[in-house]
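Have a look at this one.
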Amino acid sequence: IYGNSGGSSDAVVWGFDPTAADEIGDDLKQLYADNGVEADIELRPGDSETGARRDNYQRLLEAGESEPDIFMMDNGWVNVFIQQGLIANLSEELDESELQTVEDDYFTGFTDTARAPSSGDLYGLPMYPDFPVMQYNKAHAREAGYGESDFETWATEPKTWQEWSQLTAEIQEAADVEYGFTTQWDIYVGTACCTFNEVMSSWGGAYFGGRDNLFGPVGERPVTVNEQETIDSLRMMRTFVDEDYDNALEGYASGIMPSDVTQWVEESSRAPMAEGNAVMHRNWPYAIGNNAAEDALGVDNYGTMPMPYAVPESEAAQPGTGGTTSALGGWHIVLNPNSERKEEALEVIRATMTDEVSLGLFELWGWLPPKPELFSSDRAAETGVVGNYLDTIRVAGENTMPRPVTEVWSNQSTVIAEAANEVVAGETSAEQAMNDLQSSLEEIEQQ
Amino acid sequence: MANVTLDNVTKRYEDVVAVDDMNLDIRDGEFVCLVGPSGCGKSTTMETIAGLTKPTEGTIHIGERDVTKLPPKDRGVAMVFQNIALFPHMDVYDNISFGLRLRDYDKEEIDRRVERASDIVQLEGMLDRMPEEMSGGQRQRVAIARAIVREPDVFLMDEPLANLDAKLRVHMRTELQRLHKQLDTTIIYVTHDQAEAMTMSDRIAVINSGELQQIDPPLVCYNEPTNRFVAGFIGSPSMNMVDGELTPGGVTTDTFEVALDPESLSGVWDGDPVTLGIRPEDVHPAEAADELAHPTAPIEVTTDVLEPMGDEIFVYLKLDGAEADDTMEGERSSNSLLMSVDPDSDIAEDDEISVVLDASKVHLFDADSGDAIAHGVVDTAAAPAADSAVAESEGGD
Amino acid sequence: MANVTLDNVTKRYEDVVAVDDMNLDIRDGEFVCLVGPSGCGKSTTMETIAGLTKPTEGTIHIGERDVTKLPPKDRGVAMVFQNIALFPHMDVYDNISFGLRLRDYDKEEIDRRVERASDIVQLEGMLDRMPEEMSGGQRQRVAIARAIVREPDVFLMDEPLANLDAKLRVHMRTELQRLHKQLDTTIIYVTHDQAEAMTMSDRIAVINSGELQQIDPPLVCYNEPTNRFVAGFIGSPSMNMVDGELTPGGVTTDTFEVALDPESLSGVWDGDPVTLGIRPEDVHPAEAADELAHPTAPIEVTTDVLEPMGDEIFVYLKLDGAEADDTMEGERSSNSLLMSVDPDSDIAEDDEISVVLDASKVHLFDADSGDAIAHGVVDTAAAPAADSAVAESEGGD
Amino acid sequence: MAAETQPDATTRESRKSGALVTLTRRIENLGETGFAYLLLTPVFVLLGTVALYPLLRTFELSLYQNLVGLGEAEFVGIENYVSLFTGDANRWLPGSTTFLPGVSVNGTFPFVHLNGLLRSALAVTLIFTLVSVFFETLIGFGQALVLDQDFRGRGWVRAAIIIPWAIPIVIQGMIFFLMFHPQTGFLTEILAQWGIVAQTNTLNDTASSLLIITVGDIWKTSAFMALLILAGLQSIDRGLYDVAEVAGATRWQRFKLITFPLILPTLGIAILFRTIQAMRIYGLIDSVSSCTVVPSLSCMVVETFNTQRGLSAALAFVTAAIIGVVVMVVIYQQYKSGDI
Amino acid sequence: MATDPDAESNLGPLSRWTRRVITDQDTRDRLYRGLFYAVTLFFLVTTLFPFYWLLVLALTPNNAILSGDWNLPFLAPQGFNPQAFVEVFQQIPFHLYVLNSFILATMTTIIVLVIASLAGYVFGRLEFPGRGLLMLGILMISYFPPAAFLLPLFDAFVGNAIEVPFLGIELFTPPRLVNTPGSMVLPFSALFLPLSIFILTTFYAQIPDGLEDAARVEGTTRLGALFRVIIPLSAPGVATAAVLTFISVYNEYFFSSIMSLQNEPSEWSPLVGGILSYQTQYTTDFNLMAAAAIIGVLPVVILVIIAQEKIVSGLTAGALKE
């Protein structure tokens, strides 16, 4: 029945986000056409679940399929595809000048996730980054007596966890809100890559001895989870939950975080915030788009701030950590080495590097530009709801901590998530959990 | 006490009345045969007694109890099914002992009874066979054994010997009779075998189209059938029937006359159409007339087909002067007679002979209703011998 | 051409030999009845002919073709199964027309044939019934109809009339005979009904324990059985058997003597143990002795049970002087006789009477092997009447 | 008349198509064995290409290591298999999952202790299988007996009972996930009061999740059992019940002596396949909880599929082998009753 | 007679005994009926409750689901939004996904029934050497997690060469089947075949030989007897095998999600693919998923109700005298 589904046969086929392809597909093609891409583009939506999409791409590439020609890939997996040799080396495909631009103008931390750690070659072109920020309900804050001037400071100046927790407790009390802080701490990849990673880094901790060892070499880097800073970061999280916690951290507010966080992922944690039932909420910018929308809380009642921290960068135990830290999300464009339309595909990739397209994507779908400088452009600031929060996001973007993606990361991430979850759920002490995690990670490292 | 009483029992299926207002009163310990044409409702009657079919109307009593609404298991009956219905997943031993095991008899008692039953049905040594490994007759014998081990108040047996050979059938007949005496149970028995019905039963119940025609001891049914149907049904080969008309001197048919004393008959008049019935064994060659107390006048016939049976020969006779026989060979119509003769007789096909009827064995039926008018009404001229009016069927036994 | 030939056919189940080295040669258009005790292998023989069971050894020909390995559908046979085997998901019409529909007959032809067949089996108006809505006899008639619509080369009928009443059975018998004549097909027919076997068949094949005993025309089997088994099996009630011993003057049993001419017998000697066989109808009250050409000397007996059958009475006789009868009532042992008499006889139970045997009807069997020695060897004193040596069974017909 | 017989048997058919007739005749004439194998050809072809070939390839994979990631694929023989049993492979399994439960012996009752029972993929799979198949059989049987009765509205009850089976696993997962989700989980509190499930972190608690998943599976797949058993019940010749009833059998005896033995073959098949399916549980775990929390054997296969493909292949074969051992019991029963 | 334990109850006045049995019988009947309805109700409640929950979810606006206040005993929708049943079709061409699944399931069911019928006949009714081993071999296919078949099949279905296992010798290049029904129907047929074979084997084995014999004498081949007599008489078994296969395929996603390279109806993505389309990276439209599931279940329920007539119509009554 569905004979030739392929569309025009010489179009560049692009493995794309299904929702976006559906909603802005035509505008997007127009955007590229306006920016000099002559080839037709066919958006081929992948699975809405990113894990499934990754598996799908892996199978296609392993089977030597020539389509899609280019893929959108999560920065969390690109590394694995590089390791497996499944995607094309852009350092060999792009001009020197273009490579230089990537080197100079992009968020470095984000770009790094598209490079081969050993050679530094570029395998993916950053398309859009994603940085979580701390979001809060201004209306509740106002009830505790805070005003616009406070909010302005908060937007760019990170607080310490201690201050922040007291602030949260205070507002929670004043506004009589059910939840102080909502975040995600389920046993899932998001905890390992992001929420726990952020908290740990902001305490000066790291999984593998700091920023330099993020992408390997596996087996030759230290495992550093059984360290005080990491343990303390978990104790802090537990302190937020449990008012009767024996091992509570001094000076931190308690009872501001519901035990439900141990089963929450992004959406489930966002729901109470959207309902006005929470003071603070850690989430990706998409949540700002939703919660601060006209028909939700509205921009006036919704604020953002950089993620709090416990230890400044200078005092961090693990090199390259400390200070406010945002996990790193976002997507790259990669090239299928078997593509039969490589030239046209590169044309698309090059167009993506233009500011026009970056801003266009932001306007069309809220995808943040991969270059910090574009954050300050007027055009960006006028864009949608999120345009109002670029200050904070930019701070976040400059303080990111990528997940340590290697070929063993998927194994490690499940152990990490499990351990972090256990502690916050109060099932194991932080010391015990990190001790166990240390040995588990070491074992995995010794492949 | 296990008399079985059916009061006005009717069983209707969608468009068929299988049993029609049946009244039966079977005494405790009695052996009653149900006979009737195929599809007349015998099995259905049995099923209502067993409780497998709820009658549409009417009540059933076993002993003093109204069992109409009781489930089969509480009725104290054992049944041999017409369709045998062995349990395919059980061997012969398990099939036979089924009813006993249900009642938690001890192993030895079961063994003993199964052994005896399998002896009776001559299935010794086959106890570990599965039903599928047996011949038709062997299966039927298992079904019989399954019923007789039970020793219930009432036995219902639906053509239990249909698939057995003659010899075994005679053996089983005797065994069943002995069992009947021994256990003193009531037995209701369906058979198509005349010999079985005649020899085993205390009374025979003749059913036609779901309606009870007559229930009487075998010889009463044989000699004094209440109607044409019973007369034709009991006896094999069946009674000769010749249509005629009542005259002052007797009965006149198309081809012959029989002298009778119509005066002695009640309720019928000159000129009434009647059917004259005479059994094959009561038709004799004219030579044998003097051996008979009441021979009729000789009748001219032509022999047609001869059927030698070994112990006798059936001779089909065409009545001379009758219209051409339009039914086919072997089937009998109103203008042919069947005669049974000795195997040594020298009768040949297409002989022209004369025969006489034993007037004392002649039956008269109302041609319209089929009801019997008289049995053995002899010629007025002769001494009034053993004539009798129609026996009231209620008065049987 | 549809003669059916079985050459050395043997069928063994795990531990049972159902058919044992059977040789049968049935001619085209012949009507052969298979008879034998329950479980003797009749159905198995039929199944091997139909192709439903592969013989363990031996070959089967139908016409000129060796069909031993042919599937049933290519053998041109139609079969009425002992277990009826209607297709429960089809109504009567569909059951009957099944074989025709398989062969793509056109609708009208099918209708015509089904109508005729259902007429023959008297199932008009029941064509849209489902098997489960029919009585046992009705189902069996559907099975017959299903076979006869086919008009094949060979009919195999395994007790096709077992569940039908006597009247219908006579009707069906005639119909089958007519069909046989009309279609000129070969018919192999299993029955337990003596009358059927005697009247319908060209030849009767008597089987025992899987082995063919005799195959001969009915009267030959009746009058000249090759062995004791056949003698006892054919005829109902069965032949009286009395053990005795050969003497120069005849045969002596425990209780009586029969004068014979042992000289005329070959292969036996004085003092050899023999069994004397005499059919019930050849036992006569002494008064009738003069009607017989060759009566034996009177034998003193006491009447035991009387079984009135309507058209005759069976009289069980205890031989005086015999040891106390240790078998039970109704079953016959070597020291009792069964006599068949007229229903009008005035014999009563426990009478002391004398009887004579028709010496010309006496059969002699070797007591050990059971083989027939002679049939109807009359007293030397009397004129040598219709005596005959043992008929060679091969020479039958 | 015999002439009328002729057209049917031979000429008619041969007119249709001579070749076809010869073919069918040739087929009919094959011996029992030849005929059997001929009819099985489609099965062999289909299973050979679509099942056996991939399995062989997968088996080939199971002898290699490093199929995914840096470096050359390395032939390691049965090392992947061995590593499962020595515990070396545990580090590739998600979270703190182990393949075998740890066994230790000490002086306290019951002397032999299975450590981390619920962390062991093997143990979790077996526990799940045992419990779910047991209850599914029981409930399915009950449902089938109900559906076997004649009563008003039975069609609706039938449809209702089958609905769970018609629901996709993701939705089944969603239903139960949301029943115990922190926000929507109206059941958590009630059940936690009785100590049946954990009060918090319910779906990340192995025992609670395993219970929920087991119940969810029972809810859905009892219908599978019910359908099969019902079909078995319906195929029983009702005449046998008549016989049994007249013989005096009570309801229970009829069930025990007629119904049960006669549906035993069907029941055996139902249990056999349910056991196999249960031992391959994955989808429901994935959608209600996660393979990290409730590790099943199939979970392990899927979770290692993209990282340790050789190990994943070995796990698939080991899973199959374990299933083979477990269902041997059922098969033996079937064998004894002559159904295989 | 006297030894019949039943007779013991004959002791005592007959009338009283009679009365007791009669009342006893009535009470027993009533008790049984009561029990029966209780059990039926129990099954109805337990099977329908989760489904009711699904309906509640479908009717509740999505943002009210996670913030809702769900409490027993009465679980009512939070708000009333039947719109979800329409939205399901507005977001994606859901009917096409349903259609795909329906077509795939129908094709698979037909293939499986035909092949399994032949095999069921062979295993159920013929005796031949190797029977047990073959059955075991077929059964063993179903021991393997579906993932064990995945890669080689995917490889073959995208059109890469078939290699001899272990030797690496290329045999031939199969046609490219991905994104066609073939790539799904083939593995489904193989994977669901063993169950159907086993079901049909048991049912076909139970049909009395006499009926097959009768059909064969009437002029069918062995296969003709299979299709004309054995299969109709095994209707409950065949219908059950069909229903089980159909539903399994209808709801299948593992293979179809892989063989259909994109989750697009035009590439034969099935029902579950459609349902999963209501998820995005972060958000899940539970209400739409629930509504879609309910819509997707309907065809199956209707089908099952139809097929059930077969499942409850096993008839061999009146066939045989034995």
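Letters A, B, C, D and E mark the chains as written, and numbering starts fresh at 1 in each.
Methods note: a contact is a pair of C-beta atoms (placed from the backbone, for glycine too) under 8 Å apart; a residue touches a chain by one contact, two chains touch by 3 or more.
Everything numeric in this text was worked out from a predicted model, so none of it was measured.
Novice: With centres defined from CA atoms, tell me which chain sits nearest the overall protein centre.
Specialist: Smallest offset from the overall C-alpha mean is found for E.
Novice: A-D versus D-E: which has more C-beta pairs touching?
Specialist: D-E is joined by more C-beta pairs in contact.
Novice: Measuring from the mean C-alpha position of chain A to the mean C-alpha position of chain C, what distance in angstrom results?
Specialist: The answer is 98 Å.
Novice: Report the inter-chain centroid distance for chain A and chain D in whole angstrom, where each centroid is the mean of the CA atoms.
Specialist: Distance between chain centres: 40 Å.
Novice: How many angstrom lie between the CA centroids of chain B and chain D, rounded to a whole number?
Specialist: Chain centroid spacing, chain B to chain D, equals 60 Å.
Novice: Please compute the C-alpha centroid of chain A, do the same for chain E, then give the distance between them in whole Å.
Specialist: Spacing between the chain centres: roughly 43 Å.
Novice: Can you list the residues of chain D that touch 2 or more other chains?
Specialist: 8-9, 28, 181, 183, 237, 239, 248, 305
Novice: Give me the residue numbers in chain A that touch at least two other chains, ranges are fine.
Specialist: In chain A, 268, 271-272 touch at least two other chains.
Novice: Mark out which residues of chain B touch at least two other chains, giving numbers and ranges.
Specialist: 71, 82-83, 85, 103, 136
Novice: Which positions of chain C touch chain B when the two form their complex?
Specialist: Those residues of chain C that touch chain B are 13, 16, 35-39, 42-44, 82-83, 133-138, 140-141, 158-159, 162-171, 173-174, 177-178, 192-195, 198-199, 218-219, 222-223, 232-238, 279-281, 307-312, 328-331, 340, 343.
Novice: List the residues on chain D that touch chain B in their complex, please.
Specialist: 237, 239-240, 242-250, 253, 257-258, 261-262
Novice: Note which residues of chain D are touching chain E in the complex, please.
Specialist: Within the complex, chain D touches chain E at residues 8-9, 24, 27-28, 32-33, 35-37, 39-40, 42-43, 46-47, 49-61, 139, 142-143, 146-149, 151, 155, 157-172, 174-176, 178-179, 181, 183-187, 190, 219, 222-224, 227-228, 230-232, 234-239, 248, 251, 265-266, 268-269, 272-273, 276, 280, 282-283, 297-298, 301-302, 305, 309, 312-313, 316-317, 319-321, 323-324, 327, 331, 335, 339-340.
Novice: Could you pull out which chain C residues touch chain E in their complex?
Specialist: Of all residues in chain C, those touching chain E are 47, 50-52, 71-73, 77-79, 81-89, 98-99, 102-103, 130-134, 136, 139, 146, 150, 163.
Novice: Note which residues of chain A are touching chain D in the complex, please.
Specialist: 54-55, 58, 80, 83-84, 186-188, 258-260, 262-264, 268, 271-272, 407-408, 410-411, 414-415, 417-418, 421, 425, 427, 436, 440, 443-444, 447
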